[in-house]
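In what follows, chain A forms one complex with chain B and a second complex with chain C.
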Partner chain A sequence: MADIISIARGVFENKKADILIGYTKATSEGRTRPVIVRSADEVQNLVLNSSCLNNLATYLTRKENKGKKVAIVAKGCDIKSIVQLIAESQIKRENVYIIGVKCNGVKRSFEGEDSKKIAEKCLNCNVRTPHLADETVDMSDEGLTGKDEKAELIEKLDSMSAEERFAFWEEQFEKCIKCYACRQACPLCYCERCIADKSMPRWVESSPTKRGNFAWNIVRAFHLSGRCIGCNECERVCPAGIPLSLLNRKMVMVAKSEFGYESGMSADAPTLIGTYDLKDKEEFIK
Partner chain B sequence: MEEYIISLEDLKKLADNLIKEGTDLFLPSPDNSRFVRLKKADELKLAPEARPSDISAKQAAFPKCDPVLFYKRDKSTVELKDAEPSANQVLFGLKPCDAAAFGIMNKVFNWDYKDNFFNKRLENTLVIGLACTYSDDYCFCTSVGLSPVSETGSDIFLVRLSDAQFAARAVTDKGIQFVKKYSQLFAKGDSSKSKPALESIKGPARKFDSKKVKDWLDKNFETDFFNPVGDTCLGCGQCAFVCPTCHCFDIVDEDYSYSEGRRMKNWDACQFSLFTLHASGHNPRDNQAKRYRQRVNHKFKYYIDRFKEILCTGCGRCSRGCPVTIDIGSIVTKIGNLT
Partner chain C sequence: MMRIGVFVCHCGENIGKTVDCPTVAKEAIKLPNVVYSIDYKYMCSDPGQNMIKQAIAEHKLNAVVVASCSPHMHEKTFRKACAQAGLNPYMCEIANVREHCSWVHDNVEEATKKAVDLIRMTVERIKFNFPLSEIKVPITKKALVIGGGISGIQAALDIAGAGFKVILVEKEPSIGGHMSQLSETFPTLDCSQCILTPRMVEAYQHPNIKLYTYSEVDNVDGFIGNFKVTIRKKARSVKENLCTGCGLCVQKCPIKKAPSEFDEGLANRPAIYVPFPQAVPNIPVIDRTVCTFFKTGKCQMCKKVCGRDAIDFEQKDELITEDVGAIIVATGYKLYKIDKKSKDAAVKGYGEYGYGKYKDVIDGLQFERIASASGPTAGEILRPSDKKQPKKVVFIQCVGSRDPSKGFEYCSKICCMYTAKHAMLYKHKVHDGEAYVFYMDIRAGGKGYDEFVRRAIEEDHVKYIRGRVSRVYEKKGKYIVKGEDTISGVPVEIEADMVVLATAIVAQPEAAKLAQTLGIPYDKYGFYAEVHPKLRPVESSSGGIFLAGACQSPRDIPESVAMASAAASKALVLFGNEMLEREPIVAKVNENTCVGCFYCKKVCAYNAIELKEIKDKKGNLVKVVASVNTGLCQGCGTCNATCPSKSIELIGFNDEQIFYQIKAL
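On to the complex of A and B.
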């Protein structure tokens, strides 16, 4: 099967897209970073391997890329966010050319012990073979393994009393510095003006105090409920090390168990938040 | 310079004394993500081989959010109360790229206005630096006038001699007074002890000429150079917030209720798109490339023009932590090679 460089060259030669969003080497070995290439002459530094951690779909909704025909290198989980963006009418299917990655899992982190483990999201992945793509490319299998430590933590949190759970999140959110890297990296945080940035009136206290951090992180969790596709970029980029996936995954679980809904799987199915059904359950609201 | 010897055990005793006296002690957290208060002295650890903590120590003098004043009001009166910053604090085991940052920020916080909050905190802070044996592809302290062994910004500077023993140099008057106060814990030493340890430290591989960087920036405000960076930069606040020298802040009033509230000084960042958005709707830095150009110019040109210092200690935090690995070291190296 063709490699990423020849595929990218083909995209430009056959005029499939105006720009291509892919991965290239970063300064250090073992890292990659996103790159936008604009012609066949620029494709030679593209790479594709288990260090391609970023979800590039976050660039699809940027002002400067709107209206363009964009080719994008996307793993299955990244494709889920593209599907969700189409379902939410943020991008048009015909404007994106998806180079789907047949994926064997990525590293948990670029460096350190976690770089030898497989990302937790990959352990239960149902989209290792792309579910929406214009062509596909193979990613090598580095034989990464690991355990889903977060699943245990979610169970533990579920078994706690409300007070204990509050204390857990209090300790976590205290660390938040309101850098908004979680929001900026998230493919589904695409609001032109985030509620956290509104000041007339101010809905979310801007200070990174206990109160302000609770407000911010809970608002974000709610705004991603039934929408988050679990790429885990928010948690990966958080400089404060807050385990944001505990919130998002719980919301994904609720969407599935209570509504049978899984975001990012079908661009044609109505979205959970965008539909209303008299039969919708409400017992989980406590 | 006076040099002493202190064992790890005695450093723990020192920490114990300080905690009992009510001094706040800060050092990198066990996961090395940020600086946290040391609760038990026997948990004191000094790790010269560790990478710089993900978030710098700047919050010791410039917290992420800081009350400036408190207010109360009713129909006819407004009552104001100044906020009073901080107790005494000791910062333990700062790397040179963290310790030097306070002096750099000091210039802007005492330029046209004296920032009492910053100054008071710094006055109440003792910095115990630590010679650093780490370095990776993102470090470049030696290209911005520092080094893994520079004492700039430290009141006391430690050099690890063995796992259990450190050389301690009293660098400033404050440091000398401190050693005097706890003299029973410090044994007399001399520089022959720390010399071999210091000489064995190689420092980061990245090298660039900061003068050449400035020369190019001086002449190239209008440029396409930053466009590829603008392509992928997400416009978050990570780089500024983890940085030991970034010092922008936002002033906001927070009402607790109609009659009570406080005014806060919170970290802000030039990479946010709202940072320069005018009330008219005009935004002079209307794309991410222009915002990143500002970041590089502020650090490697404007601050030098105004204060004769580079606004960067080469710690590499911004790049290591960047969600999309935009590496300021490699960017300014490229700039240096353009002239």
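On to the complex of A and C.
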């Protein structure tokens, strides 16, 4: 099968797209970074390996890329966010050329112990073969392994009392410095004016206080419920190490168990919010 | 500078008993920007309203907070009073100190404190109020009536009589509905068709009524005053403009044995047929499911005999769009068919009564046809199996009704009366016959109704037995009805020649689908829901859509007709205005911050969100954003709650108003 460089060259030679969003080597050893390639002459620096952690779909909604035909290198999980962006009218399918990556999992982190482990989201992946792509490319299997530690934590949180759980999150959110890296990395946080930036009135306090931190993190979790596709970029980029996936994964689990809903699988499927069914469970209404 | 007046109502003892109103008024005056406050026994009374009007003038108030009952009750009253005093009505807000306070608490001290809190919140909120004016929408002064039974006919005639155009849509080939099938009507025993058919003809000939029979409503778009309706005119296979209704095709059709819908399967009709002699319009229809030509491609007998060349085998369904301002839904009912297993698992059916198994176990509408002069027996009471006169007839009431364990919880309302009528008609025609009625209770509320039932019992000697029937089975040509007489506490066994079941009135099978098309609510049985059971019984919760007759719940003829006239008058109230005035409490999109995710559109129950293209000066598309159709928006606020970037607000409940209201707590 063709490698990423020859595929990218083909994209430009066959005029499939104006720009291509892919990965290239970063300055530090073992890291990659996103890169925007504008012509066939620039494709030789593209890479594709298990260090390609970023979800590049977040660049699709950037103002500078709007109206352009964009080719994008996307793993299955990233494609889920592209599907969601199409469903939410943010991009048009015909304006995006998807180079789907057949992926066996990426590293949990660029460095340290975690760089030897497989990312937790990859353990239960159902889109190793891309479910929406214009062409596909193989990524080498580096045989990464690891345990799903977060799943155990979610179970532990579920068994806690409401007070204990509150105390847990109080401690976690205490760390938040309101840098909004979670928002910037999230492909589905595409609002041009985030509610956190609304000042008249200011619903979410801007200073990193306990109340403001709670408001921000809970608002974000709610805004992603029924939408989050679990790429886990928010947690990966959080400089304070807040285990945000515990919130988002729990929401995904509830959407699945209560409504049989999974986001990012089909752009034509009805969305979770906005769909009412007489058979919807109502047990959560107390 | 805001000058706010606070008016505290005692509501007699409703508020005054639990909330210390004079203290509340004294506390209220201390609030910033409050320049006047007073308490009064009944603020909604004339003197109370005058106090507000005077205070507005004397104290130059530019905002009014009334601490009283729910805004549902008197918001309009107080806003009107303010408007009369020259204040914009939307500069008046209610602090609900009754439902939200006095009614739910008993500690006077704490309730008083809470009342002050509620007022403080409203005072903070009203500082962000701004004058609003009613939204004006034009009205199409034409009505759509769905269903051509007696309710639909009455509603159409009333509206047409007032000088407005009406579109009357009926799904069957003729108007008339169930009433055309009835023999006599209770409690006066006048002939149903004799009183109905003149109305049918009047509707047909009325210059203001456009009739679409054999047609259904496919789609409804738009909103009150401005609906766009798509009507599917089903292929009749007969050209209406050419047919003279001579009936030759019906006579010559070789298919003779299709069960007649009008005679409830007790008689047969041809493949091309007019449902009944007085049908309106008197134009036949081809039942394509039984017609030989449609099945085999051969025959065309009707085409051959038609002197007007009116038969059109190629005819297709036709879609017609009509603009209307009001819709009256009068789709009627169906009888619960007890032989078929219901889709609703909770309805277990009544197989033990042998309906569908024994030919002489029939339902109420079938008995109507047997008793009717236009029916298969020309009005003679003969049982279906052997056409012999039954000498003993058992009528069983509440088959499916008032039976939560096997049927429906509700009472079908008309069965007590029509069963008494059936028994009476039978006795009038078979003098030596015996009529038995098994009943649970006799519900005969209505003008002349109880007298009618007494007449059946006392003058016509119908034997009423209070109790349920457990089983009906055949034995030597007789039907053994086993039941219990609960008054004397003994089991009863009657050898009957015929059994008539008063089966439950149920909603039309397609009722829920139509409700979804119209966007009106319905209950778990498929009956359409009114806005308020007492004060707004003929209005659906969708503006401009009204209800008439048994589609709302089981109704008899007088009630259906009354409801139809009421619904018609509601439509006429609407048509009496040149422009429709709507509350300005509608959603508004901030086009600068909207990113067009359209979750607002997905959650909107009223289809009020539209797409709007934003273009630059050169005409290039910049983005597509959400936009609110203010005619459709009901101001429910669901879009506000859903919008992640808070780019859609409800005018009158905007972010600042709510934020500062909460903050004041």
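List of remarks:
In the analysis below, the second predicted complex is superposed on the first by the 283 of 286 C-alpha atoms of A that agree within 3 Å, B and C clash if a C-alpha of one lies under 4 Å from a C-alpha of the other, contacts with A are read in each partner's own complex, and residues count from 1 in each chain.
The working rule: a residue touches a chain if its C-beta (ideal position, glycine included) is under 8 Å from a C-beta of that chain, and two chains touch if they have at least 3 such contacts.
Computed from a predicted model, the values in this text were never measured in an experiment.
In the three-chain model built by superposing on chain A, chain B and chain C fit together without any clash. Judged by the touch definition given at the top, the superposed model places A:T27 against chain B, while chain C stays out of reach.
Of the two partner chains placed around the shared chain by superposition, chain C is the only one that A:P201 touches, whereas chain B remains out of contact.
Legend: residue contacts after superposition of the two complexes on their common chain; A:A185 is shown touching chain B, with no touch to chain C.
Shared-chain residue A:G143: touches no atom of chain B or chain C. Counted by residues of chain A touched, the larger count belongs to B, out of chain B and chain C.
After overlaying the two complexes on the shared chain, residue contacts for A:G260 are found with neither chain B nor chain C.
Vectors from the Cα centre of chain A to those of chain B and chain C enclose 130° in the overlay, to the nearest 10. No C-alpha atom of chain B lies closer than 5 Å to any C-alpha atom of chain C in the overlay.
On the chain B side of its complex with chain A, the touching residues are 31, 33-34, 54-55, 64-65, 136-138, 228, 231-232, 234-238, 240-242, 250, 252, 254, 264, 266-267, 269, 272, 274, 287, 319, 321, 323-327, 329-330. Within the complex, the chain C residues that touch chain A are 592-593, 595-599, 601-603, 624, 642, 644-647, 655-656, 659-660. If you check the complex, the residues on chain A that touch chain B are 26-28, 31-36, 54, 58-59, 64, 110, 175, 177-181, 183-185, 197, 205-209, 212, 233, 236-237, 239-241.
Taken in their complex, chain A has these residues touching chain C: 88-90, 190-195, 198, 200-201, 203, 223, 270-271, 273-275.
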